[in-house]
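Each of the two complexes below includes subunit A, the first together with subunit B, the second together with subunit C.
Up next, the complex of A and B:
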């Protein structure tokens, strides 16, 4: 009886598992396949030959990884430099047009961005900023700001105001209360927003595709080029490098973003 | 900063869409866009609407099972697996699907091995179906996460009351739970709609053939002809489509008492 009851559930869950993990497993197979052609259902030989090719010193992938991480770190720095003061002000002060300010940061997400990127690329071209790291960082920053500002605002808003006031009343200056009380308490939320922005920048494709050409080649662009050229092994290995941080963040996101902060995002 | 790097290019694109190369106001860009890419515009609308509908339905199903499911084991397994593609970039998802859905990809091979299909019956899914599948695979976890969160925050007493009165789980889901999470669901779907509207990599990588999505046409127009007028006209059409979606959403919100 019990087995019968479990059958439909088992089938649905099984199909779902296949649908979710099938494509990922496929990617992993390609990354380690040295020879794989029709009509063989699985790779003929496995090995690390293509890994050596990807990771050889001064190879394209290492250089792209370095470019990607540099861009992502600068983007995080730029976003936090804006989001920390903005988030604190939005959470604590009574600002006029607060809703408008919050919405302004959402704008880049509310319009199809591709049509905007092509025009940014054209403007940057006139300024000689196409194909520069600075240009790409600027584009990524605008895109990432909404997460940075909204999450830091929520993180600051979730802190009990009395704790700051208590610090002030025992004689701490406003700056000291902020540095020693508010900032450490908001740290998990700020970390979450930083990781979010980092990942967004690392994975960004469309903006880099238009603004970064021809000199800035990030990992997603490298992967795209390899895939279009039919180098499935190279593409799969690069994709795996990009997958690791995404999946790690997915598994740990709840540890960073506590429910009380989560509930205040966008409010 | 948002103003300088977003609103200005946005206005710039609007102006470019309505002017010709000499700078005079014209609708020529739009007639060219419709003439060359009319089919692609329709194709884009169909693909995105279909994906959005599938995502919405599946998100309700997943959220509903997580909220109302009675078997702790099945709920636990579902909760653990459904989020995996959440932060996976579109390029990576496209690369996965490019090999997974191919005529001789893993999906067909598995079905053949299981004896469900014969090798002669296999077809590649690398066309519009592939794009829809990739979009749903990538965006479903995001919407499902929002919906499941909203459902978990609901007041359980109404659910229990309905259950005591003998309502089935499906009926509880459709008549009690879904109406209450509708605002969250709509926000998730609209954000997905906008995201899918500006993805370039998936249509290029998953489906190489015509008709394709207008994002590909925009990139093609610029990289091959430097034709910003037509590209921006297509861009304007993509804003307009998003605007219609947002307008329907806001109108619904007003109809329900002014709370979007």
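Up next, the complex of A and C:
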């Protein structure tokens, strides 16, 4: 008799694959479709015409990519500048209300983002920060801080305190011990939080929309404009560009981040 | 008399509102090996960490070579610590771990390499310099941790239970190695341990700690043979305790005959430091299981204290038999070469020198002993 035990499992797995890769396949089709209209199930002609359009020198996409990456790098720098000392303090010192402090970083995410960003936009108007890179970096930093602080706290907490004390005991000052022992050991976790903040900034839409438009156009905003205007090819290609760093990050986390660090995130 | 490498005076440490050290006075002679011995939670590790500067001190002073270092940071104390977890830096090689302290002192690359090789040779770690410490065995890691501390020629070497993560067999070996090394280098060492035998074997001086206080300090033989309190007697292996009645008589105490014991005279010097010759009242007598001799129940006391009981339990741990003897409603453990049956009536002969007597009304002593056992 033929064994059919694998069948339900196979069906579930197949549906899952379809749910994940279906939209991606659609994205890939649109990225290379030169002509595709109803009622045709598949594109009529394929080609790189829209890729040329997107990547042409001084095109919107290249400029947006440049803007996006600039904002993301500044956001990472700002987040780490706060998260490194904050994470170390939260991991090492016996702070009162430690849990409350940890949760406070989550607050920006706790309220409906539209309401929050409309009000931030109003405030920034008053200060002349609307439409500036600084304004967008600030919004992204507040958004990314929760990941940065939580992950760096976990990274520092995973390092045995005796490792630092051992450095102190053979003559290292507190700063030397931190630079020579704690920081190198926490580096994978700090890298992960940096990459995470970078990706969050790269993908961020709502805040950028309210604070940056029309002067600051990032890739997600470009994608939005393109798809509203019916330029699905441009939108699809932009989406694919945005996909590359995310996948790279997944591989990084899988390769470098130890389970004991991930287990301490948010703890 | 050699000078004091370290002096601790009136040291108090508390974690929050919980006192951990309650006024410690300690003097460590230059070149000596001192063991801080006690059960977990007695404050021995906290004392070591207060000496090394890792723990905030609430009151008291720490002096190193006469210099007040109470408020000096750990890196300015001229001490080096070997940690229980070894605390080796996993992102560095063996040589980098050992040479780190020298690098901090701004020594040249060649000087560091020379000293690291010396240390590797001294600890029999030749050829492992370029190995990552994560690839070393437990015993090797322990040596690297020791080498890292010794490389900087510290005034005082602090050892925080450095042997407790080793296999029993390697541990015995490393005990002697560390002791030999310490003597060869003439370095002052302070060693924290909960292992009585380890402390006895390694140290010149033993400091027994209990509940944040020093219960007794002295040479190993002294602490072992002349415990000043029931706690120390129990901790140093005299785990059997019986209750007796005593009154002054001549040059010592006379123990009255009871329902389960004969009378005996304990005179100086057999009378230890734990009790006064003028004491009258109930006493607790501690004795070691190997100091007691089993005899027939009817044998004459002959100057010794004889307890009458029955064998309740027998086992053979190797070399001799170990019996649980019930005396009245108490149980004592006695070692003997004789093979005896469970249920046999026996006399437990205790030579008066084997008895450690303490006033029984000192309730605190009793309690602290129970906690430790």
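Note that in this section the second predicted complex is superposed on the first by the 261 of 267 C-alpha atoms of A that agree within 3 Å, B and C clash if a C-alpha of one lies under 4 Å from a C-alpha of the other, contacts with A are read in each partner's own complex, and residues count from 1 in each chain.
Quick note on the criterion: a contact is a pair of C-beta atoms (placed from the backbone, for glycine too) under 8 Å apart; a residue touches a chain by one contact, two chains touch by 3 or more.
Only a predicted model underlies this, so the values are computations on that prediction, with no experimental measurement involved.
Colleague: Between subunit B (first) and subunit C (second), which does A:205 come into contact with in this model arrangement: first, second, both, or neither?
Modeller: first
Colleague: Is A:192 contacted by the first partner subunit B, the second partner subunit C, both or neither?
Modeller: Neither partner.
Colleague: Which chain, subunit B or subunit C, is in touch with more residues of subunit A?
Modeller: Touched residues of subunit A are more numerous for B.
Colleague: For A:160, using the defined touch cut-off, is the partner it touches subunit B, subunit C, both, or neither? Pick first, second, both or neither.
Modeller: second
Colleague: Mind working out whether A:169 is in touch with subunit B, subunit C, both or neither, as first, second, both or neither?
Modeller: In the superposed model, A:169 contacts subunit C only, not subunit B.
Colleague: Considering only touches as defined above, state whether A:250 meets subunit B (first), subunit C (second), both or neither.
Modeller: first
Colleague: Now for A:235: first (subunit B), second (subunit C), both, or neither, which partner does it touch?
Modeller: It touches subunit B, and subunit C stays clear.
Colleague: List the residues on subunit A that touch subunit C in their complex, please.
Modeller: Listed in rising order, the residues are 160, 162-163, 165-174, 176, 180-181, 184-185.
Colleague: Once bound in the complex, which stretches of subunit C touch subunit A?
Modeller: For this pair, the touching residues of subunit C are 52-54, 73-75, 79-81, 83, 85, 87-91, 100-101, 104-105, 145, 148-149, 151-152, 158.
Colleague: Help me check something: in the complex, which residues belonging to subunit B touch subunit A?
Modeller: Touching subunit A from subunit B are residues 1-3, 5-10, 12-13, 16, 71, 74, 77-78, 81-100, 104-107, 109-110, 112-113, 119, 137, 149, 191, 194-195, 197-201, 204-205, 215, 218-219, 222, 228, 231-232, 234-236, 238-239, 242, 246.
Colleague: Help me check something: in the complex, which residues belonging to subunit A touch subunit B?
Modeller: 9, 13, 16-27, 29-30, 38-39, 41, 82, 104-105, 107-116, 118-120, 122-123, 138-139, 141-142, 145, 199, 202-206, 209-210, 220, 223-224, 227-228, 232, 235-236, 239, 242-243, 246-247, 249-250, 262
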